[in-house]
Structures are given as C-alpha cells and as structure tokens.
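Per-chain numbering from 1; labels A, B, C, D and E assigned in written order.
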Amino acid sequence: MTFSHKVKTILDHYESDNPGTKTNLARILLHGHLGGTGKLVILPVDQGFEHGPARSFAPNPAAYDPHYHFQLAIDAGLSAYAAPLGMLEAGSAHFAGQIPTILKLNSSNSLATEKDQAVTGSVADALRLGCSAIGFTIYPGSEYAFKQMDELRDLAEEAKDAGLAVVVWSYPRGPLLDKEGETALDICAYAAHMAALLGAHIIKVKPPTAHLSLPAAVKVYEQQDIPRATMAERVRHVVQCCFNGRRIVVFSGGENKNDTAGLLEDIQGIADGGASGAIIGRNTFQRPREDALQLLAKIIDIYKKVAH
Amino acid sequence: MTFSHKVKTILDHYESDNPGTKTNLARILLHGHLGGTGKLVILPVDQGFEHGPARSFAPNPAAYDPHYHFQLAIDAGLSAYAAPLGMLEAGSAHFAGQIPTILKLNSSNSLATEKDQAVTGSVADALRLGCSAIGFTIYPGSEYAFKQMDELRDLAEEAKDAGLAVVVWSYPRGPLLDKEGETALDICAYAAHMAALLGAHIIKVKPPTAHLSLPAAVKVYEQQDIPRATMAERVRHVVQCCFNGRRIVVFSGGENKNDTAGLLEDIQGIADGGASGAIIGRNTFQRPREDALQLLAKIIDIYKKVAH
Amino acid sequence: MTFSHKVKTILDHYESDNPGTKTNLARILLHGHLGGTGKLVILPVDQGFEHGPARSFAPNPAAYDPHYHFQLAIDAGLSAYAAPLGMLEAGSAHFAGQIPTILKLNSSNSLATEKDQAVTGSVADALRLGCSAIGFTIYPGSEYAFKQMDELRDLAEEAKDAGLAVVVWSYPRGPLLDKEGETALDICAYAAHMAALLGAHIIKVKPPTAHLSLPAAVKVYEQQDIPRATMAERVRHVVQCCFNGRRIVVFSGGENKNDTAGLLEDIQGIADGGASGAIIGRNTFQRPREDALQLLAKIIDIYKKVAH
Amino acid sequence: MTFSHKVKTILDHYESDNPGTKTNLARILLHGHLGGTGKLVILPVDQGFEHGPARSFAPNPAAYDPHYHFQLAIDAGLSAYAAPLGMLEAGSAHFAGQIPTILKLNSSNSLATEKDQAVTGSVADALRLGCSAIGFTIYPGSEYAFKQMDELRDLAEEAKDAGLAVVVWSYPRGPLLDKEGETALDICAYAAHMAALLGAHIIKVKPPTAHLSLPAAVKVYEQQDIPRATMAERVRHVVQCCFNGRRIVVFSGGENKNDTAGLLEDIQGIADGGASGAIIGRNTFQRPREDALQLLAKIIDIYKKVAH
Amino acid sequence: MTFSHKVKTILDHYESDNPGTKTNLARILLHGHLGGTGKLVILPVDQGFEHGPARSFAPNPAAYDPHYHFQLAIDAGLSAYAAPLGMLEAGSAHFAGQIPTILKLNSSNSLATEKDQAVTGSVADALRLGCSAIGFTIYPGSEYAFKQMDELRDLAEEAKDAGLAVVVWSYPRGPLLDKEGETALDICAYAAHMAALLGAHIIKVKPPTAHLSLPAAVKVYEQQDIPRATMAERVRHVVQCCFNGRRIVVFSGGENKNDTAGLLEDIQGIADGGASGAIIGRNTFQRPREDALQLLAKIIDIYKKVAH
C-alpha cells in the first residue's frame, strides 16, 4: 500500500481532475495486494441483477449474503468491490473503510426485452455509502446508446464534481452487431475509446477476439496490418485506443468459468498486453471461498509480475 | 409493543439507513399484536384503483368508507395500513398516531391497456400525512420496468433522505412471461431479489408456485436441486434471495379467497418458510368485519407461533 | 351565505387539507343562492376550447364575451365559475371577489386526434387570478391516462400546498370502452372513485346510464344486485364510490339541451341520489340570458329542496 | 405616438396583466405611424428559417443583412419587428430603442418532415435583447399541438412574469385538415380562439376563406347564418371569436405577392372587418426597398382611415 | 497576434454578446499565425468518436495520444483546437493557455443507427477545462433536428451567459435529402443560415457542390441566376446566407485526403469566396507530423494572402 512512482504517473494522466477524484483513484490504486503497482483487480457483483439470484449464487449459497462479497474482496486483497445499490447498502457500514467500493448505477435484467438498463442509484447514494467511484454501463450500438451516454454525462459530471471516480462498462450490442461482432477487436477497441471520450477514469471491456466486424474498419486493420493474433497483441491495441495508455483499462475474465487454466492463460495474455488489471466476478464467487481466494491470488501474482 | 432483540437484529440489517428510516421501520415492527416479534401483517387497500370500487367493496359495502379500513387494521392489531393518496387523505387526521401508514405512490387500473402504473402521490404527500413508509410497485419484465425502476430510484432516494421506509411490490409480467411464469419460483425469487437490489426495505411478492420459467434458470434449479415441493421450501428460497434474510419480505395471501382453510394453510407454509409476514387485503375487507377480524387473528397467531 | 352545520360536516371530511384549502372549499360552499346548504352549482365554460367558438357561442352571441359568463354566474347566484386561462384573464380583475373561480388547467380540442389534453395553465396562474381552485380533466382508459394522472399529481400537490382546492373532471374513454361504455354505471363509478383516490376535493362526472361495461364488473353488479334502474339509484352508487360520500361529487346535465323538462328531470334524479350538485355549461349559456337565469333558478331550487 | 383613449381601452382589456406587460403592449401600440390609433403593422422576418435564405432574400439581396429589416421597419414607421434569435442578435444593439421587437421563440423549416417546430430561443434571450414581446407558433390540429401548447404555457407564463407581451401565431394543420381546411373560416376562427384561451395578448392568423371544414361546425354556421361572403364579414367573425374584440388580432397579407392591388384589397377588407392590424413579411422585404416603403405606407393609410 | 481593425470589425458584428463572449472570440481570432487577420484555421479531432480509433489514428499511430493533437495545433500556429470531453480532459492542464480550445458537446458514432448524436459534455465542463467555446452539431433535415435545436438552444444560452462562444457544425441529412442533396448548394446555404438563426457565433459547413436539391429552391436559384459554377461563387453565397458576412463561417476540407493538390485548390476557392477559414482534421492528423505541419502552413498562407 505504498504510494509509488507508478501510481504518481497514472494519476498525472488524469490532469483535469480535481484532488477529490485523484484521491479516490489513488485509494483504489493503493489498496490490496496490488497497492502501489499500478495494477488492480476488482470484484464486481451485479450478476444477481443481470441473471437472477439462483443463477448467480446457487452454486455457492454463501454468496446469497451481501457480506460474503465484501469479505471475499477484503480477504483476497483486491483493489475494489463494485455492486448495485442494495448490495452496498447491506454491507457498507459493517465494512466501512476496509475496501474501496464502486456503486454500480445502472443495471439490466434477464426479464427485459430492450437493450437498455435502468438507472438504479445516484451520486448522492455513492457519497452516503462512502464509495470511491460510480460505475455505469453503456451499450454502444444499441438503440438506447445515445440515451445512456446522456445519462452517463450527467452522472459523471456530478460524480467528478463530488470528487468521485467514474468507471464505465462499455459493452457493444445492437442492430449492426451480431454475437461475434460484440467482442470483435475493432468493436471492443471502439467501445473502449468511446468510454475514454465520455470521460471515464476506468474503462471496463471484455477481452477482444481476433474477429473484425465493421466493414470500414476491416479495411483499415488490414491495410495498417494491426497485429491481432494473440490476446496480448489485441489488448495492446485496446490500451492504445484508450488514449495511448493514459486511461486505466480493465478486462473481464471471459467465459472460461469451468476451465481455470484457460482463464489464467487469458488473464496472462491480457496482462502481457499492458492491461491495467482484471475485473472478475462469477469466476470467483461461484466457487467455494477457498478456491476463489486461491484463484484471485494467482491473478494478483500475474499482475504483480508484469508490474515487476 | 416491546422493543426486542429480534427487532434490533432486523434493524441492524439496515445498516446504511439513517435513524429516521430505522425509526419508521421500528414503528411498523413494534406496532400491533405482532409488535416486537419481528413479524408483521399489513392491510393494503388499493383494489379500488386496480379493480374498481364495486368489485372491491360491494361484497361488504361498509368498506366503501376509507375510515373502515383504518379501523379494521387498528382493531385487528395489524402492523401497518397501506393505501393510495385519496384513501389516506380521507382518514389520516382522524386516526393519526393509531397505526403506521404506508402511502402507495403508484397504481394501475383495469381500464388501462399498458403494463404500467401512474405515479399518484409523492414523498411530500407521505410526510404531510404522517406515513412511516412509501409503497411502490414495479413490473419486472414489462416494457415499462426500466421506467418504473427509474421512478422508484428517485422516490426511494427522496424517501430515505426524509427518514421514511420503502416498501416495494414486485410483480413480474411482460413479453417473456406467460401467466404461469408470473408466479414461477425462479421469477418470484428474481423479482424479490431485484427489489432488494433497488434498495427496498420491505419487499412484497406473491406466493411462488413450484413452476420454473426462464430456461437458463430451470437448468440451475435442477442442477443445484433447489427444493421447491412445498410452499415453505419455496418461500425459504425467496427469503434467501432477499440478501439471505437481511431484508423483510412479506407475501400476499394468494387467490384462495373463497377457501379460508386453504388460505390459512398457504399462510402457514409461508410462515414456516421464514417469511417476515403477510400483506392481505381483499381476503379481509371483502368479508364481514367480524369474520375479517377472526381471520386476521388466526394469521397473527400463525406468525406469533413461528416467532416463538 | 351562512356558515352552517352542513358545510362544517363537509369540510371535516377533508381532514388532511390545510386551512387554505378548507377556506377555498368553504368559499365555494358558502357562495350564491345555495351558500350554506352543502350543495353547489358551477358554471363551466371550456366549450370554446373543446368544440370551437361558433359551436359554443353562436346560438347566443353575447356569450363570445368572457364578461358575459362571469356576470351570468354572479347574477344566477351560482357557487363558482370555471374556465381556461384566457377566459379568466379576460375578466378576473373586473369581477374580482364577486364569485369563486376555478382555473381549468387542461383542455382538448376538436382538431386533435389523440385522446389527450394540453396543459394550458399553472397553479401560479390560478393564484395570480385569485382563483379558489384548479380544474383538471383525466381520461381514465385512454393511452394518455397515466400521463394525465402524473400531471394531475404534480399540479394537485402544488395546488394543495398553495391552499387551493382541486376539481377533477373524470371522463372515461379509450381502447377498452365503446361509446356506451363511456357512461356505463360501472365505468362512471370507477372513474369517480379514481378521481377520489387521486386526491380530488370535488369530482365531476357525467350522469351514468344503467349500462354495465367491464365483464368482470358486470358479474359483481349482478351478484350483489346493485340497484341501477333509476338515475337516483345510479347516482347514489357513484356517491358511495366517492369515499361513501366523503367527497363532493357534481354531475353535468347530460345531452338534453333541447329538452328542458327532460334536463330538469335528470337533475332531480341526480339530486335525489345524493349528488353534491350540478355543473352546467352549454345548457345555460347557449340560451338567451333570461332563459338561462330561469333554468338555473330551477336547478338551484331542486338542490335547495333536497338540502331542506 | 400619443397615448390615446383607444390605447387605454385596449390596455384595459388586458385586465389581468401586470404593469410590465401593459407597458410593453403600450410600447407597440404607441410606436410608428399608427401610434395611438389602436391599430398596428408588424414586420415579421422568419422566412429564412421556414423556407431558406435564397427563397426569402435572393429577390432583394440587400435583405440578406439583418440590419436591412430593422431599418425597413423603422423607416416605414411600423409598430414592431419580429424575428428569430440570430436575426435579433445581429441588430438589437445597433437599433436599440428605435423600434419594439418581438423574439420569435420557435421555428420550423422546409427540411423537416414533422408538423412541429424547434424552440430556438428563451424568455431570457428576449429580455437581454430588449424585446417587448415573445412570439410563438402553434399548429392546432397537428400531432404536436398539445406539446406546442405545453411549451407555450411555460414560455407565456415566464414572459408575463417578466413583463413581456405574448404574440401567438396560430396556424391550423394536421390529420383532420386538408389544404383548404387550413384557412377555412371555422378553422381560422377556432385557431384564433384557442390562442386567446391560451393567454395570448396578440393573435396572428391567416385571412380566412369562406370555406367551412369541420362537419359539426358547418351545421352551426349554416343554422346560425353567420355571414362569410366578404373578407370583412369573415374577419369580423374572427375578431368576435377573440373574446369579442378584447384581444388584438392581426392578419397576414395572404398569398397575393405578385398582385399588389389584390393584396391591398384584401387588407382593406381585413381592416374593414375590425382587425387590429397587419403582419406582413415577404410581401415587403422581397420588393425593392422603395416599393416596400410605398406599400407599407398604403397599408398604414388603410388602418389610419378605419381608425379615423 | 495583434489586435487589428479586422478583428474589431468582426467583433462588432456580435453586437448582442457580452464582453466575456467577445473576449473568447477575440482569443481565437488573435491566436496563431493568422492572429489579427480576421481569418482562422481550427483543428477538430472527433473522428475517434465518429469513425472509431483505428480508422482515425492507425495511419499515424502517434495520434492515438491526445497530447499529439494539442501539440500539432500549437506547433502549426492554428487558431483553436476542438475535441470531445475525454480528449480535452487528457491534455487541457498540460497545454493550458497555449491554444484556445473548443469543447465539442455532442457526438455520433458508426455503431449507431439513428441520425442523432449523444450530448457528451456540458458548459460546466467547458468552463472547468478552460475552453473558449462550445461546439455542437445539428443535422437539419433529420427526424432529430428539432430535438437537437432544442438542446443547442439550452446549451448556447448557458454558454453565452458564461461568456463562451458557440460553434455550430451544421450537417444536413434526413428523409428529404439524398447523398447528393446533403452537400447541394441550396441545402448547405440553408444549413448555414439556420445555424446563424440559432445564434451560432462560428458556423461550420461542408464545401457546397453546384447541385441544387429542394424543388422550391431550384426555381429561385435559377430565376435569380445565383452564380454557382465555381467553389468561390458557391462559398460567397453561403457567406451571404450567414447574415451577409456578419457571422464567421468556416469550411471543412472536403474528401480529397489523398490528393493534397486538389485539397489546396478547394481551399483556395473557399478562401477566395470569402470564407472566414478552414476546419481541417483527418487531412492533417492522418499524415506524418511533418507533412501535416507543411500542409497547414500552406493553408495558413492561402488565408494570409486573401486577408492581405
């Protein structure tokens, strides 16, 4: 938990932010086993909203309890814990000061038929719960993308004024994108870039595949011969698209939840590509606690090594 | 009406709420014959809005008078009385201080063709009428669900700031759900969980059936072998999905209005499953007052017994 | 214009209102020839908006002048005069203090194709024009009903805070209702009940027919054998649906504009059924002034008699 | 520019307005060659927005310059000059105090496919530009009419509070109206009446034809035998529909731009019918300046004569 | 960077603006190699949003870094730099005071299917980032044009109150326009005129072609014989349509990115037509830095010459 040259360099990239926001970014960067390395691992628990409680927690019923996740994130030495309003309300006093928290301000659910999300919390909620940041999801490409960006603008401005950091989940979907397109390299890089343009401090995207989607982009990727064979190459491109590394960008672990070795291999590639870190939910809290702690220790080790 | 260890434990679960909201939750938990047991029975009277006055009150015409319901709830020793604006305006001064009230802030009606509700009251209304809580209905799965969640967010935030409690009626419906699906166990548990995530203090759902609806959920319920043969098992699962019991969850009596024995059997099962209590309207005010008082006394007895 | 036991009883029913609103309700109940009887007759002139100026005023061209209606209402000894913004702006200073006025805040028109209304005035307008109440129309059953209820909620809350009374015109229409259904007894009673639930002080509905519309309601009306053969029986039911008589409910004169005897017979039936009074526009201002004064005198007499 | 009995009478009709608004109405009524006569001629220049710059100004290129129109209105001795934001911003300082101005707050354009307008300025803009009034167009009959009336309500209320006058352009169009219907006498009179009901101080309509459009209105016009053979008769009816002459109503010059004699004949008829004045744009600024000044002098003469 | 008679004349055209806005306009007009000439060249970098990062920056990867563009604009001696929120946040502190900046407040993207833009920043953002102006795009002709004009009205009013300048990108598109129509002379001139009417201080349009689009306009252009054979003639017409030269109007470089000679020829024509300057993005930052600096020097030279 040492303030380091690396953390200083990262904070310097947020040159337009007020000391409050820098302080909250620093809190995340200085917390846990990766504190001071410039790398971070975040636990996000919004799957109960997205997929329902049983699909999220039945494999490890202890996880029905909101306190479980706070304790897991703390014991694993993670950098921050992100969750929707109710989840944080149910533990923020008990665990006050033990881990930076991120209030996820919007959520979708599996009963919905629109590619949108409900805004379920506010900046004032984040402040009264002692959070360091707000979280917000956009769906670039969706018919609701402009509406979501409008919502994000208002919330991000209010959050920055209040000295909070802004974490944006950028998940492309919509009429122009098929399933493969949603994780295509050009689309993932574009989604990350838009989050940066929207003023995000921390950007969350899915690991990109080597697929390319938009015809106009395919041409450029091929002409310019942008490397994309390995995960590390693809992540390096995404990092470049986040203001050439001036923004923190974190990646989820992908879909390999039954293949721990494959998951760790992906994460190694992501880390090698220069990612700022991992944001990893179901792959941890759906395992028994001890397994989860071991897995998180391995992920932390990967990031420790790339940070030297 | 004794402050008890049980009430203290429940209030402790609302760790992020201000003393005002805790006080209002306590008012409900300490009131009536179940005061101090940690259990509660609420009388809701919004059926005039939902189904029309004659369908609601003609079977027992005394119930056309708003004072009737206040008096019934008081005489039956219930924990709280919930109703829309007009109903509370018509009796709140007369019965001031005699029973905690919940202002139901939105309502649908049988002439409407959209799966939405009108917002018919405000937090300021709740305060000027001396209420302890606001009530709000969401329809998870409806095309209006995101809109309703947005409305709830604003009202709940304002209510919490004003020291009121928030009661959420979570009634699934919409394109992905057939009639059977609306009360399926997975859907009911999901609806309850979403209400918890949205920051509800008290969650109201319908008693779940053993049916399962969402294909992705069916798989998990079967793999994890989640018990659902009896009402008690199903309710236990719903309670678990409300932050592992950290939130108060109450159940309506179901559709057995012509079969009192069946109704009481359902309620016994619900109580055995660990529910916080019952919210029961038409089954009471559509009977003669003496019958209603007897029925409510039996329900209260069931909850007294499970609370020891 | 004597303060009476009857007025006191009525005001007591508005137990949640502040002294400002009670004062304005009292102003209406104490004004004109019915002052103190607990009954009232209101002149509404929004037909220019709804049907156009020529269809409204050409039969009696003096009525093109806004002053005409103020003077008619004053000379006839009515209880109040209701009209849209422009009409009141054109006479409120001249006739200040001579008759309570109601600012009608929304209006439709015959050129429109949606079942909605425009909101054409504000509570601040009502205050600056010295009005005692605001008026607002809802169309229960319309695709715009929830929107209108939302608008009413905001305006009613603001009006009550400012010590004004709230008059709601409740006119059912929409996809589930055919022409006959719009004045069916069950629908009229339901519409009146919803206005009461929305917090109206004075409810305005059309005289109900013996027809029944909603299938689920038909069953109940037949099972419970709710009397509906005579106008008096039907009105008694509507009054009952307005909080068992705790709310003032007034009826328009119906469509009998060419049959004065029929009109007065209807009004006698309405009065016998316990209505609080009449709200009567075209049937008066489309006649020569002397005829109108005579007709209004007869209506006042009917209400005087039922009030003893 | 003398304050006269006629101006006093007109101002008295605006009995509910504050001294600020009366002052601004007076400024218009006292300005220019018609000052004190109770009549007025207004120059409106929003055709660049509605039809594009070349279609508006190419016939007389000097008119591309916003200063041109200020100077024309001043030199012609008109009562006021009305234009959208940019046009007034480009000359209001230079010509400050030389002629009353009206900020037109909404505009449509020929590239749009909806029968709506954008709101392109605010009451604050009108104040900072030293305007005497705001101008606003409604399209009664359009699918956007309720929305426009809602917008007008807010802007008019704000304008009146700020002591400005409100000028409403009322142009019927929409699903129920064919081209002929848009200028039919019943429709024009209805549109003018609605503007009056909405609280307009000055109403602008097109000269009505003898055509009748709404079937229900046709019946009344025929039964009541409302005269409509001559322009003067038709205008007299419209004036009657504006609160029996209690509101200022001005008429555009019609489509006769290539037939000055016909135009002046129309205007004579309009003036004979009791109109308050003319609002005339393209017919003036599309001619050479000297021609325009001569034409305007003739129009002023017509109004001077009818005013005696 | 000398204050000159030319700059004074231009500022005088903004006669209704407060000293704050005049100061910020002056900052732009006095900055860089064209400072004091009355001409300006702006670097806009929002292509990452519009087309994606790789399509924008891969041809010259140094341009992935937001600092690159600040430095390029400074080193080339440009008048101002315009970009969306994230781009300015990433460099505004580092380059504070070195070049006037314009915060682009709305943006579209290539994944969207609606002809709209998201509003991604605020006037408060522009102020905290030390900007001299806000930028906003409208799509005249789009189904969203009225909505965008409404948004612009609010933002422009707020910006002017805060002493900022307003730059409007006016890009016609929509149901009435085919691809050729979007850059037709009549449409381009109309789009520029609307921006002026909306209160823009600086108007940005694309170079017009000789094509004419709206049938009603074609007639006028032909009747009036408006010259449009050369770029200079067409630009002269557009300048005329911007209040006869009272507003600054700048042109993009067109699509000739692979043909520098053709590009410069276009720009020469634009400059000869009396344009205020160029706004040129992809044509510069997609070249190697030295090439870009040379190109910009040539453009600046062109404008220096026409300014004498």
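Note that in this section a residue touches a chain if its C-beta (ideal position, glycine included) is under 8 Å from a C-beta of that chain, and two chains touch if they have at least 3 such contacts.
These numbers were taken from a predicted model, which means no experiment stands behind them.
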> Where the CA atoms of subunit A average out and where those of subunit D average out, how many Å apart are those spots?
Replying inline: 58
> How many angstrom lie between the CA centroids of subunit B and subunit C, rounded to a whole number?
Replying inline: 36
> What residues in subunit E touch two or more of the other chains?
Replying inline: none
>> If every chain is a node and each touching pair gets an edge, what shape is that graph: line, ring, star, complete or other?
In response: ring
> How would you write out the ring of chains in order, opening with subunit D and then subunit E?
Replying inline: D, E, A, B, C
> What does subunit B use to touch subunit A in their complex?
Replying inline: 13-17, 140-141, 143, 145-146, 149-150, 153, 157, 172, 174-177, 186-187, 189-190, 193-194, 196-200, 214, 216-217, 220-221, 224, 226, 237, 240-241, 243-244, 246-247
>> Going by the contact rule set out above, which residues of subunit C touch subunit D in the complex?
In response: 48-49, 51-55, 58-59, 61, 64-66, 84-94, 107, 109-114, 116-122, 124-125, 128-129
